[in-house]
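Before anything else, here is the set of structures, which you'll find just below.
After this come two complexes, each holding chain A, first together with chain B and then together with chain C.
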Partner chain A sequence: MSSVDATRVAASTRGATARGLLVADWRRMRGTWLFPLTVLGPVGVTLLGVILFLLRGEYMLKPFLSGEKSGFMVVTEQLGMIHVFAIGLGAALLASMIVDLEHRSETWKAMFSLPVSRAGTYVVKFVWCAVLLAASSALMTLGYSSLVVWQRLGAVPWADLATLGALVWIASLPLLALQLFISTALHNQALPLTVGILAPIFGMSMSDLAPWTPWTLMTQALAYATGGLAAGAQTESLTGFGPAQVCTVAVGTTIVLVLCGTLALARREIR
Partner chain B sequence: MLRMLRVEFMKMQWPLVGLVVLLGPLIAVVLGLNPGAGAGAEAWKLAYGFATVRYAWLFYPLLAGVLAALVCRPEHMGGGWKQLLALPVSRSTVYGAKFFVLVGLLAVANLVFGAVFIVAEMAVGLSAADIPWSEMGPSLLGGWIAVLPLAAVQLWVSSRWKSFGAALALNVCLTLPAIFAAQSHEIGPWYPWAQPVLAMSGLGPSSAKGMALGLSMTTLWVVIGGGLAVALIGGLVTFARADVRQ
Partner chain C sequence: MNELVVRTTGLTKRYGKRAVVDRLDLHVERGQIYGFLGLNGAGKTTTIRMLMGLIHPSSGSVELFGRPVPAERMAVMRRVGALVESPSYYAHLSGRENLRVIATLLDLPEKRIDEVLAIVRLTADAGRRAGDYSLGMKQRLGIAAALLGSPELVVLDEPTNGLDPAGIHEIRDLIRSMPREHGITVLVSSHLLAEIDQMATSVGVIHSGRLLFQGPIDDLRARSRGHVRIEVDRPDVALPLAGGLPLVAAEAGALVLDSLVPGDAARLVSALVGGGVAVYRVEERKRTLEEIFLELTGEGAVA
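Up next is the complex of A and B:
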């Protein structure tokens, strides 16, 4: 970073304004894998959809042609589960990468010796990850719509696709908050990443876990948005959360977990 | 080689490795114990089918990637590659030792899975007399053999990539399509990342002739044997020729 940039960052965070913190983190994120990952996730899922249609298109289109299923159901039936996995694993990766910047270059100490609010720093990191996940979700929606157009599955069901993208995104926030909490608390990113990659598997398909946990909530959102047709999800294990329940649980859990993370960072002794 | 293995054992982050190798299979079993279909040998088989699907479809292939990254982590962290390779050991010995430790841990994970499954099902009331040993033995062995090529691929990338996240991201990208591949009769037998679940849960081709360990002989030799050979040799050659800077 050039000295001009550095002074500008220092100046913009002197009052620790929210905008200053956001801009500072934006500068730090540039040139990392955070942005490419945000785009690669949805692109990968869409490509997988393309491969699926190419390999077994006839089989997948049959229920649409016979009028049993809408175009929306055809594209989300198989890809929905992958979409949820991608967002869930993306949350773990983003949370780890955004704090690994500070862990690896030991900037926590330098940063907090400036008049910068620790709570503000933590919340800003959460907000950035949430924004990146939202961008991923929006791109995922575009991916679905391009599949609908390509396979001539009728008019693009924008309302349904937007509900799916938004609801799964909201349901992913508790998981993001949890992962950011662990990733910030631990210097060694092996544990947060291991947990972040292995744990969602048990929540997202076929499990007896309660529906409100960070790992199962996304499956609930998917099940509602796609009308319960999720590949790999056993419908009987889903108690059927409606959108209001998903949002309430997601927002409540997220606030609690972000508060925990903020307190943990605020009280930690940084060596 | 034996001393090399001992060194590998000493370097391992045991708390974390223990956590995933012991706790992972445990959770996979405990999350759905009794499918609720009576008692006797049939109930055992049904419960085992569900448990293996939960365990081997995504968890076990992902575990191979996580463990491969953990096995290489000590060297990546402190600039250990250069130190290690400066000692009078051949690079192939170093790589071989890491691969042995990796597949050993994967075998332990499978044994833990089998043991936890039996204990947990007996705890919920299935009788010990009906334990389907003859089904579980080949299944556990088959799952382990099927995961070997995936482990070799992950060791290949983990030994070269410093980033823990990057190796895991690749692992996830390759493992997720197994959700579809395992359901398809045309693609299933050819997709390496779908083989652990096909081998373990009996979802594979149902014809009884020319089968071994729940897989067709073609899959066993071409996809698993061939895949293992390519990934292992590729990884070894890459590692032997790599320019190690730190």
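Up next is the complex of A and C:
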């Protein structure tokens, strides 16, 4: 009995570790749509590219054949905006799904009756969504490259594709943080999802919006990575953020928003 | 006095002006099965949520194992297992996978999952989706989750809610075995007195947020002193004849007396008959715990 007591005392002050939180979330997500969605997003965008090439490939290939545009430009001109929109939508869906898992099963109360840090729980959920979005972005890069290979658009521009994928991903983190904040605060996911679907549609194309908002920041990233063309830089909407600016704004906004969400959950009355 | 595992001091929760929990001083000693009794809406769940640090008291404080909650929640909760209100489970995961999520958080071995599954007799159904479980199985899964971390204190909020008689019996046996076999202190809430009566060693009765009674269940039972009721045809004539006896009331057609020693009863009856009063019936009535509970809560409602 005394040895049991000893282990109890030794274990008594230990809360869940960061690894424990990460693995627990992974176990929860199994069997949900979070993983399939991560794959389906980029696959869908790539398939759209395939359809576009099949329907109007001749027209699209003309500037490449005449040497006006690179293969990279040809694919991103068609799919860049859709890619950015898909990542933005993905951020909203992933954020909603990862917390709705807890809302629906009413597991917040059970979880926070354990030695589990509320702040840690929130940050880990953000990290998981960010990781899944990164995976989506990597797959999106592969999708572009497969189109380049299929349409014989020259050597695969890995560096450009990697820059595009990474920069759009970093620029999507503030949006993810915002969506996770709203989705966690509200039990009913109708509003967070509506915002998550509608706001990018308007926000990403809104020329009046400041370039640092979560939505316009993603367009800024796309504009830089594609040399402005794919994002429609001809209009005055883009003030032209460089990659350093995109990263600084993204990281700054993300930290602020994640901090807000963490505090909100930490102070929340769990009923 | 034994070590206090749960101690609240003036614990109060107000929503707007209404005090849902009103200056509660809860004392649960180590090794007890503490029955937390109250009607639905009396403030039981709100109290338990404050004990777990899920909601913040408006005033007053909570101590678990002598440590303040929620301030030292992280240090204390490793020693506590709880089933708060309805059982929480991920419907898309199997019973075992649900427990594995918690085991991961608490860094427990897979062996422990098998143990608690065996305790609540869910081993055979561990692989099924928790969403397909019957209510009783979900409830048992919730109890398994509470037991998983080998806690010293288990808090169970209405654990038999919605169970069939066999399920209730099973859970009652399980709760009764906890202090004996595992040295666990149990705080169990219920709105059913009979249920608390059958398993608790100590009771707290809460009504409209106030603690009306707290102590050993035998003390509550001691309140159930018997009454002797004597039905007669003419109470007005009978009344003077009962002089010197502990008369409680003379109601229509009957005298009600505090419990009588047998000799007094015999003398009174003979005096009544001698005085020309017809005695229809002499009965001793013990108040049930149910009546005591209703009386307590009735007082509480008036106060």
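Criterion: the second predicted complex is superposed on the first by the 251 of 271 C-alpha atoms of A that agree within 3 Å, B and C clash if a C-alpha of one lies under 4 Å from a C-alpha of the other, contacts with A are read in each partner's own complex, and residues count from 1 in each chain.
Keep in mind that, in the parts below, contacts are C-beta pairs under 8 Å (C-beta built on N, C-alpha and C of every residue); 3 or more make two chains touch, one makes a residue touch a chain.
Nothing here was measured: the structure is a model prediction, and the numbers come from that model.
Judged by the touch definition given at the top, the superposed model places A:Arg28 against chain C, while chain B stays out of reach. Once the two complexes are laid over each other on the shared chain, residue contacts for A:Arg56 go to chain B alone; chain C is not touched.
By the touch criterion defined above, A:Gly252 lies against neither chain B nor chain C after alignment on the C-alpha atoms of chain A.
When both complexes are overlaid on chain A, the residue A:Pro36 reaches neither chain B nor chain C. Look at A:Ser113: by the touch rule set out above, it reaches chain C but stays clear of chain B. Of the two partner chains, neither chain B nor chain C is touched by A:Gly240. In the superposed model, A:Phe202 makes contact with chain B only, not with chain C. Chain B contributes residues 13, 16, 19-20, 24, 27-28, 31-33, 50, 53-54, 57-59, 62-63, 66, 69-70, 73, 164-166, 168-169, 171-173, 176-177, 179-180, 184, 186-187 to its touches with chain A in the complex. In the complex of the two chains, the chain C residues touching chain A come out as 49, 52-56, 73-80, 82, 84-86, 88-93, 97, 100-102, 104-107, 142, 145, 149-150, 152, 183. On the side of chain A, the complex with chain C involves touching residues 1, 4, 8, 11-17, 20-21, 23-24, 27-28, 30-32, 101, 104-107, 109-117, 269-271. Contact residues of chain A toward chain B in the complex are 33, 37, 44, 48, 51-52, 55-56, 78, 81-82, 85-86, 89, 93, 96-97, 100, 189-191, 193-194, 197-198, 201-202, 205-209, 231-232.
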